[in-house]
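I have a structure I would like to understand better, so I am pasting it below and will then ask my questions one at a time.
By written order: A, B, C, D and E. Residues from 1 in each chain.
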Amino acid sequence: MPSKYMIHTKPVPNRFQPVSKSGIIAWEEGCLKCAVCVKKRCVYNVYDRRGIDSHHMIESIDNLCMNCYSCVQNCPKELIHKSLNPEFNAMGDSHWSPPIIVRLWNQSQTGKIPVSGAGYPGPFSGPGFDSMWTDMSEIVRPTRDGIHGREYISTAVDLGKTPEHLIFNGSDTLEGEPPSIIDIPLPIILKMPSFGAISTNTIKGWAMGARRLGTLIALPMKKIDSVLEDRGDCLMPLVLPKGTSVGNIPKNAKIIEIPWTEGWQEVVEDIKGCFPNLFVSVRIPMAEGMEEKALSLARGGISIIHLEGSLMSRFMDNNARNLKDGIRSVHIKLVEENIRDGVTLLASGGLAMAEHVAKAIICGADTVFVDFPILIALECRMCRRCTKGLSCPVQIDTASPNWVASRVVNLIGAWHNQLIEVMGAMGIRDARRLRGEVGRAMFFDDMDRTAFESMGQVEEGCELE
Amino acid sequence: MITGEQKPIDEIREMIAPYKRILVLGCASCVAECAAGGEKETAMLASTLRIAAKMKGEDVLIEEKTLDRQCVRDFVILLDDIIEKYDAVLSLGCGAGVQAVAEMFTEVPIIPAINTEFLGETRDQGYWLESCLGCGDCMLHHFGGICPVARCSKQLFNGPCGGAMDGRCEINPDVECAWHLIVDRLTKFGALDRLENIYPPKDWSKKQGGGPRKIVREDQQK
Amino acid sequence: MTGEQKRTLALYYCQNVPASGERERQDLEEKYGGNIRLFPVPCSGRLEPIHLLLALEEFADVVYIITCPEGTCRYSEGNKRAKKRVEMTRTIIASIGLEVERIGMIIGSKENPISLADHARAAMERTLRLPPSPVHN
Amino acid sequence: MNNSSKLKRVLEGGGFAVTAECGPPKGANSDVVLKKAEMLRNKVDAVNVTDNQTAIVRMSSIAACSLLKTAGLDPVLQMVVRDRNRIALQSDILGASALGIRNVLCLSGDHHIFGNQPQAMGVFDLDSIQFVQVVKMMRDEGKILGGDDLSQPPDLFIGAAANPFADPFDFRVIRLAKKIRAGADFIQTQCIYNLYRFERWMGMARDMGLTDKAYILGGVTPLKSPGMAKYMKTKVSGMDIPDELIKRMEGVPKDKQREEGINICVETIQRLREVPGIKGVHIMAIEWEEVVGEIAERAGLLPRPVFG
Amino acid sequence: MSSQSDFQFPEAVRTRSRFRNPIGKFRVNRTGDCIACGKCVEICPHGVHVERRGRVFVENNYLCVGTECPEPCYKTCPVQALSVRRNPVFDTLGDFRWTNELLAGTWYMAEFGEPPPAGLEYKVGNSGGGFDKLRLIFKGNGSRLEDIDLNLELNRRNDNAHRIRIEFPVYGGGMSYGSVSVTTMVSRARAAAALGTFSCTGEGGYPDELKPYDDHMITQVATGLFGVKEETIQRVKIVEFKYAQGAKPGLGGHLLGDKVTPGVARMREAVVGYPLFSPFPFHSVYSVEDHKKHVDWIKSINPKALVSVKVSTPTDVDMVAVGSYYAGAHIIHLDGSYGGTGAAPDIAKKNIAMPIEYAVPKVHRFLQEEGVRDKMTVIASGGIRTPHDVAKIIALGADGVCTGTADLVALECVRCQNCESGRGCARGIATTDPELSELMNIEWGTQRIINMYLAWRKELIRILKKLGMKSIKELTGRADCLIHLDYM
């Protein structure tokens, strides 16, 4: 694969001991000090490498343990037990669940895609993106062998408006203005999370990461200081119509965002007045009525629309509805109105795993935003202490920009490879062609009903087993 | 195994008082087995000493390390890379361990942090009992597997003294009379008549041949 | 909190005892600021003397363990071990002239379930009765 | 009869003391002791009685001393810590004093491995310096080691041994100082053949002021043959016999060798008399007590003066 | 064909855990107050307590049934020295699909050859869908028949290839040499032979140790063609084309360099220490016509061989199945997305292709519509964990099943998911590390697997009896014997 399209990752150590799912309780009292001790025989040598992190009072052994249970099962005095770690269960919430957080930490540390042995250990299906499967190609359809670089799979996407067709003049050159688009190598834009122990160094690091990835970072205008000024080309500032002077927009910025307001036309005109070449994306909250708003923006010439979900991957006004359905709904609306190719649809809100990128695109997004994962990449535990003014247990604000950037590059690098994996399996060579390809997905609701709705009948006296 | 117990902290503090950079050195063998000088106890002692030093506002460096065995030179040599960081070593090894470290590292004082006690068995969780004096001439077969040398307060060889009462030793009712046990055992397998012979004076030269005893095994040597 | 004197309490608690969640823990941290450090443990028997010593050495004025009531340990003897270890560690700190009250133990009661917040308040009250630790001054 | 230590009187009176060694028999016959007493009568100030020397069982030192005392000699009771624990040692000190013995020489004792019963258990409960300290405490404070008071303290002139010829050389004089500090009134040294080394040691002792704090008696042993000289040199620890001496012994005909040994001994005594700080000699004629008189005579030490 | 057969199933032989402390749901604690009266030893029907040298010990904690016990020892103990509580370690085991109870239940079956006693949910997992929401419905009292027949004909084309009957509708799925140890492979092969069924080499060559079991082996031809030779194709009665694997559908395989030990390298004709890729897909197959060439190739080398086609479950899995029929295959082996693997990207395990519970009815229906259902043997795999899963998937339209993970669980896999890391399985199952492979021996492994399947067989017979069926063949496609808890 051309190196240009590869994201170079290299392991970046953690700054703190991570929290792990289960721990080891190994009592010494009564220990026989066997000559052939189960601790010495540990395949992973975890007992030789143990130590206490006196800051968090975490035993390193908990993180090193690979859960083989050999010591638990072989200690002659049964002095070793596995336990669930209460700190682990306390992390995050139902969406940012502890396993997701840990997985994000690992990817940010190693830059590698998560690989494991044994089959999938999780639930059959779940809400939102968990209720759909992507497809694969087999025998009767061409497939792609992307991940090992045997075939080139493009993840590049365009932001902006692509013309319906090109007009060439007689000498085979393009007539008129060339299409005005921003080309990014992967369908992911970083987005500054709405909370976190974020310092200027953190933001600087994220911006560095965005630049290394060739993508952008969306952040509020007021977070942009002089240091970030020269990174304008990778910033995507959110300009609030009131209180922010348009003049503060970094000179080399290519794109800005504005929030949805009824009078968005005037705001856009103002901005275009100062920066005629600037792309403007309009954020629509993922909420009732967004289809109409999107339609009006598209019709009004806005080429980039950002659907902003909640940080739980849900609608902002209706917790029962998922991002997946919101994206599909807007996408279908625009398709029905024959205006879909006139806009780029960006989606944000609680994307937590690599597969969400592919699934959001299948549902109709062109590109997605990644928000909290770039905070979790910095060892955030989603404890939200920072929102109460309590200290950050992993002192994110003290991390150096370079460390921040490398962690984010690792994470997105790993996601990028996973995107290539699923695209390869689907036989899709171009991320642009994945958008809205619901034919390459399977939805739980449909399949479950088809398979199981009409089977046996429960009758009186029957027995279930 | 060899047993030991940690010295009182005051005594340890006094011994290390002249030094500023101290390595607290554990031993993962016998003294770990009797919970006196293993990795865990070493960490606890080091932490305790650091706390004490902080309380007194003393500026000292106290670090810990535990060797697999302090009484084997191949393990002791592992200190070679770090020893120069310290001006004293506080060893939780048994007497043999302390001496092995001291012999190799002549430039720093090696201070014992535990009192080495005896050769014993682990009777129960947290209970160690002296059962062997290392006399070099085992005669347990005569005594039903119970050693009068280690376990009789008077080291008698020809039966219990007049002080034995109810199977207890005259020195302390907590102490079992070894001879009572011996008699019981031999009675059980019908060999009590063995004790009718006068057991001759013991050859103590195997224990105290003069100077340290040695075992040299040519088949084991290089 | 009384006055300007600041104390740090390290509170280890068996997750079996107070019906505690991350929420309650955070509420407490909010209430007591940085003066309380809370460490849930899967079993109080997991705590070794070294955990208590390290806390005293590194940051805490006082360390408390909350265990589940006797006879209810999921690991059968974790709370019993914890008790003995606390006693042992107290002997150690006493030997260097530190008040034994700097290591405390609260045994949760089954009949009268007390919230983590109540335990924390009790422990904090007792903490404030002691002068600041000479280890950190 | 004056019941005090004659040795003490001689030394305190400023005389050059002469003591000799008497080995008790390997049997219960008192006549052997009494015969040796007669050989030494009026030839020496006091007679040391060895305590199971080289860990070979002999008549007890305390009994032999008692026999000598009865015969009118001033015995020096040698006691080793090898065979008795502190209880027995203290008890024997009291017994000795009660029997009228007025001198005690506190020793470690030859290790039992060298004796004829190496299987024995060595006691070594106290070491010789601790023992000196205990005797002094008993005598001067009237207490035993455990702190209990004595109904009557023992009356003893306390001696200790010193060996200037063992290693490490520099520590030897420190050990001497410790013995004196522990309470030794007099010191008897190991047999001296290497005068050069002995004089260096004495110099160091003088420099430390030790010669003013205790009476140092130089030990001498007449050689019977070059074979004995070689044996002592190689087999007896802490013995330093210069090669010239062995050559000198070899240089005379066999029937003259004993005579030559006595000559050497006499010359040594004469040299020792010149050494500042030496307050006497201790003649250890091993199982050859009959020559003590001749040696004393030829060394000009007779007749023995009378003090007090 | 008669249901009578000369075949004799082996006896179950109790085969204890390899580990000193097997993990069970409960733990019994004995305090120092015990007076060694021996009452507990007497009353416990499960042998939890043992008496030795006048002292009584809790020796088999894992066999305690806890609250299900009708006469609990802790109530009988005269000095209250006993207490029983749930084993907290038990709660750290397992996952949604293989719950701790399923693991412990399977271990019980592998030890005793019997379904576990009350108190262990060994029938369903906790994934919240598919098998775990499906239930068998029994109406009436079932049959009193004694001769329940579980065998299965694998060649339904009636062509010139072997007529092969397996005595039990389960055979072993492919696990390659490299992903598991030779000990594991041989244990599985020996168990398959003893049970009158088959085991599969997977894609990693055909180790010589398996030669004695050639008649019970399936050899796999996969995209890497590792270890595939004419000789290996000719040795066996069934050859399986592996197009995809359920756990990583659409993706190639990747054996990390560390695991390419000299033994693995020799077998795969590769270089020690270098990673090996199985590409995806077969780059010679982009159509059913290409696929037919493949099948013909095998038939030309071994004309009597049955050809099985192992595919994963894309949306058009039904088309793939029918295509396989037309290409001449005897068996279509559907591997659902929740299947096992030695190593796969997590993203593939969860998100790509469909679970087997959807694929089987889809394929069954389509083959019926095409009129070729009777000519094809449909084998399902990818998440079959229990005898109940077997019955359910057959009722949904399969003829038989392939298992993999269940065998490993019988060998005491704890599903730590580290098969791929470092030296491989720390429990000596999925590893090529010589030292770790020593953790298990073949006799033990064979018997554990045999025991587990004997227990499954008992359960399947019981289920068929309750359904009033005489043969497992009657169950195929009988979705009316099932209900789904969400659609009742």
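The rule we apply is simple: a residue touches a chain if its C-beta (ideal position, glycine included) is under 8 Å from a C-beta of that chain, and two chains touch if they have at least 3 such contacts.
Remember, predicted model here, so these are calculated numbers, not experimental data.
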Neighbouring chains common to chain B and chain C, by label: A
Apart from chain D, which chains still form joined groups through touching: one piece
Most widely separated chain from chain D, with each centre as the mean of CA atoms: A
Between chain A and chain D, centroid-to-centroid distance (C-alpha), Å: 97
Length of the line joining the C-alpha centres of chain C and chain D, rounded to whole Å: 70
Between chain E and chain A, distance of the C-alpha-averaged centres to the nearest whole Å: 35
CA centroid of chain B to CA centroid of chain E, Å: 55
Touching two or more other chains - residue numbers and ranges from chain E: 88
Interface hub residues of chain A, defined as touching at least two other chains: 28-29, 81, 83-84
Touching two or more other chains - residue numbers and ranges from chain B: 40
Chains that touch, pairwise: A-B, A-C, A-E, B-C, B-D, C-E
Interfacial residue positions of chain D with respect to chain B in the complex: 111, 113, 118-122
Residues of chain B that touch chain A when the two form their complex: 32-33, 35, 40, 122, 125-126
Sites on chain C touched by chain B in the complex: 48-50, 53-54, 56-57, 92-93, 95-98, 134-136
In the complex, chain E residues that touch chain C: 27, 29, 83, 85-86, 88
Interfacial residue positions of chain C with respect to chain E in the complex: 42-43, 71, 74-77
